[in-house]
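The structure under discussion appears below in the form of structure tokens.
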Amino acid sequence: MTREIICISCPIGCHLSVSYRDNGNVQEKDIQIENNKCSRGLIYGKEEILSPKRVVTATCAIDSIHMARIPVKTTGALLKNSIYPLLEDLYKIKLMPPVSAGDIVLENFMNSGINVIATRSLSR
Amino acid sequence: MKKIEREVLIIGGGSAGMAAAAEIAEKGHSVVIVERESTMGGILNQCIHNGFGLHRFKEELTGPEYAERYVNIINELPIDQYTGMTVTEIDDQKDFKLVYAFSSHEGMVEFKVKAVVLAMGCRERNRGNIGTPGSRPSGVFTAGLAQRLVNIDGLIPGKKCVIVGSGDIGLIMARRLSWVGADVQAVVEIQPYPAGLTRNIVQCLNDFNIPLHLSHIVSKIYGKDRVEGVDITPLIDGIEAPVQTFHIDCDTLLLSVGLVPDNEVSKKAGVIISNQTSGPAVDGNLMTNVEGIFACGNVLHVHDLVDFVTEESIRCGSYVNSYLEGKTKGSQYSVMAGANVRYITPNKFTSDSDNKFYLRSMIVKNQAELVVSLDGREIIRKKQKHVQPSEMISCEIKADLLKSTGLNEKSRLEIGLKS
Amino acid sequence: MPETYDVTVIGAGVTGAAIARKLSSYKLKTVVVEKECDVSFGVSKANSGIIHGGFHHDFSALKSRLEIRGNILFDQLKEELHFPFKRCGIVVAAFSSDEMRTVEKLYENGIQNGAVGIELCNHDRMLYLEPKLNKDVVGGLFAPGGGIVEPYRLVFSLMESAKKNGVELLTKFKVKSGTLKNDLYTIEAEDGRNIQSRWVINAAGLYCDEISCIFGAEEYTINVRKGEEFLLDKNATAYTSRVVFPVPSKDSKGMLVIPTVEGTTMVGPTATIIDNKEDYSTTKENFKKIFSSARRLVPVVSERDITTSFTGMRPTLEGDDFYIEMSKKKDRFIQVAGIQSPGLTASPAIAEYVKDIMKRNGLELIEKPDYDPNIDKVPRFRNSSKEEIDKLIEENPAYGEIICRCENITEAEIIASIREGHDSLDGIKFYTRARMGRCQGGFCTYKIMKIVCRETGCSMNDITKRGGESWIVNKKIGDFTTGSKS
């Protein structure tokens, strides 16, 4: 099958044409990429097919009069299909101040090696 | 009334104000920041997504992290910070300025300062500004207000949303709303190209299969008490094609239809506002027509990345330092937007030092060329891999290129984009 | 046992509020019932806010006589109630000799009606009186007694004064039935509430015909004439020093340029007869019509300055006059219907007129010795000097918290609004002007919502724009399941 993917490695935004055989177990060598203006397009296109990942930013509840939510993020890109399970978990957490930016909120989510950390400090 | 004397007062404690303050304080000048909200950081605090700081800190930060880095910087410096305080008036007395501000703690305060830095940021355009017809129900939000409600207060504006405008805040909110469980039905953009960054189109719309209707407008809003739906009409060659109008049921409409520099205090102080940027017209020292009043950040022109706000504001701080030290760079000459350029700022340049300009393209193009000419003579030609209106272009011109060129008071620098 | 009143006023618009306040000076037990969640939420909230100069109609019309009398009463009313009001004067601009002839007829009306100071003007005098007028003006008319008012603030003040003198107000009270038995009306609301009353005053604006029908009184039809208007930014150069009228046509006073008391400029309204009383929508066609018409009067009017638009409704009757009479079918039931322009101007005179009808028909009116016509003046941050602000904050720190930065509205003013019963976002907007400025609430909406929660103990979900289903937010993070769509 062929998919069109916009490369976001730089502002040009090449519309990559990515072809591969969808047999449930796509190998890197089976992926054909066209319309890329540079080699970064090749890397990006392959990654988007093999294991698309995203950094997730979200909020957790916090017990404070200053704000209802405190912002958090993943320490690295997480597989796309793990995002919603992560969000469901994060939305159940309630933190107590003080919190410092960088504090771990959730450790090694689903054995991904990815932590979730606070991105804002709140002393009280 | 309380009276306080300092060398510089900065209006606004967001990314622009903090960067300028740090630069000024580092040179040993006394500086005070007046911020109307209860915390420093401005709008960054509600921008909890990542993508900030790649230029300034060489790493990808979220808005609150970027803000906190700067809060830590200014806390280490001798900078007076007044939060919850609003400036009402700048009274220009030539040699000094009297700035009036008030807060519930301090009452009305009179600051006597030598220089003022405008760093108030911008505000969102709204329904009135785009004139969307239809009923006037509850449920029409600017994207920034919705962002604040979701990210800080944890409140969701509605279940089924349509977003007008593909500006970055609108795109970011499309992903945010999806991530909190609301349905984003569509993003509607009047232009034939997206107004936001490409990476946001990919990660905020395509990831969620949210349709982006380019060259479309919301032509009517329905709903008596609360929004019940919208009509969407395509533009064909710029003209509405009513027969192809379609309807989407929704309970919420988010508007991400542009930002406008917030210059009410500036205008009252006699600062001249540029028609192109809606921000102050400034010279090469980022000084307005009122001597001693400077401007930087989104109050000057709306930036795409906070990193550029910081860069500009640090420079602004250094120009303020020169001003305080009596070393302000001399003669200023005109700068004009050339072909395919929507605006350029600053509006003046000097031959005594290097100059840096920010400009916005009116066209979308790969392999464009930036052409700088002085009095009709081309002095720089530079390849631009890709230009589009949503991405700011920066341009530096070294002093020695300008020095020996026989400048006179009618001299004019023109920066254009060749298509 | 339902509460029993001497008088029930149906409708808390400017007419109902003015009548209620008038009656509050007498020893009567009066109640005002209103279907909306706040007062002034119908016809009275969306109109041009003009205090008319007494020249548009001739003396044969009841509305003409009440307009002249009402206009005169406004100075005292402002002294007592502190609503924004300015006698800036009205000019009518003519652009041809034909139009000038119509202007001469208006002048005749004015003279006959007794409009003070009215004059005919030549080209030069018109431009002297209003320098922003189109230079093509041929001549026109000047009515120095005309002015401008913030209509909802007038109604709020009238009602506050009435309440201070003992009148009760029942909001969200939509009348379902009204039956007369043993000299007492029983009035039932849709939500089941009941009251009883000896007198009923029908001041229901657009819905006077339906109320009349419910009570079994006269049958008539209110025709709704819709008007769209645009509001321009405070910095707009279009701000004139007088209200500028075109020469009127047969069915309407035309589209005007209005310098509001608070410094914004208003242009409009259109006039379209519609069937649906609830069609508050705006259209693109009318937008174009309004701006081309306004620019003919004042060429510097610019679309770039628009902050918002709105729609107002005028309740009209066949014959176009006010209908203020005792019902011939039902005892002690008074019709106050068809109160379109100049209803705002006439409202204090309508109140006197209604009071006189009641007196003539047997209602005993005993003046209250403790009647107090004055209400407290809430200090407005935006109208205060630096020294006054310093003092205000010292006495009440909430004056140091700016909530609406566009209109300079402080927390103290928001709290005053909520305590006065105006706690929906629109109620607060009309009372304080918060959310009325150029950002239209982009920065302050969530701050106002938090203050409402704190002051009333309600939750965010309970807050509405203007009652009913106009909720702002009704879910929080965690309420929805994520990921169901993609």
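By letter and in written order, the chains are A, B and C; residue numbering begins at 1 in each of them.
Here is the rule we use: contacts are C-beta pairs under 8 Å (C-beta built on N, C-alpha and C of every residue); 3 or more make two chains touch, one makes a residue touch a chain.
Since we're looking at a predicted model, the values are computed, not measured.
In this view the innermost chain, defined by its CA centroid being closest to the centroid of all protein CA atoms, is B. Centroid distances from subunit C, each centroid being the mean of CA atoms, peak for A. For chain pairs B-C and A-C, the one joined by more C-beta pairs in contact is B-C.
Work out the mean CA point of subunit A and of subunit B, and you get 27 Å between them.
Look at where the CA atoms of subunit B average out and do the same for subunit C: the two points lie 39 Å apart. Centroids of subunit A and subunit C (each the mean of its C-alpha atoms) stand 54 Å apart. Looking at subunit A, one finds that residues 59, 61, 69, 83, 87 touch two or more other chains. Within subunit B, contacts with two or more other chains are made by residues 153-155, 179, 207.
Shared interface positions of subunit C, defined as residues touching 2 or more other chains, are 477, 481-483.
By the touch criterion stated above, subunit C contacts subunit B in their complex at residues 231, 235, 278-284, 287, 303, 306-311, 386-387, 389-390, 393-394, 397-402, 405-406, 408, 425, 438-443, 445-446, 460, 464-477, 479-486. Interface of subunit B with subunit A (complex): residues 38, 45, 48-50, 60-62, 64-65, 68, 151-155, 179, 197-199, 201-203, 206-207, 366, 385-386, 388, 391. If you check the complex, the residues on subunit C that touch subunit A are 477-478, 481-483. The residues of subunit B lying in touch with subunit C in their complex are 1, 36, 84, 86, 88-89, 100, 102-108, 123-124, 126-129, 131, 133-139, 142, 144-145, 148-150, 153-159, 178-183, 207-209, 219-221, 224-226, 264, 267.
Residues 6, 8, 10-13, 54-59, 61, 66-69, 71, 73, 80, 83, 87, 101, 119-121 of subunit A are the ones that touch subunit B when the two sit in their complex.
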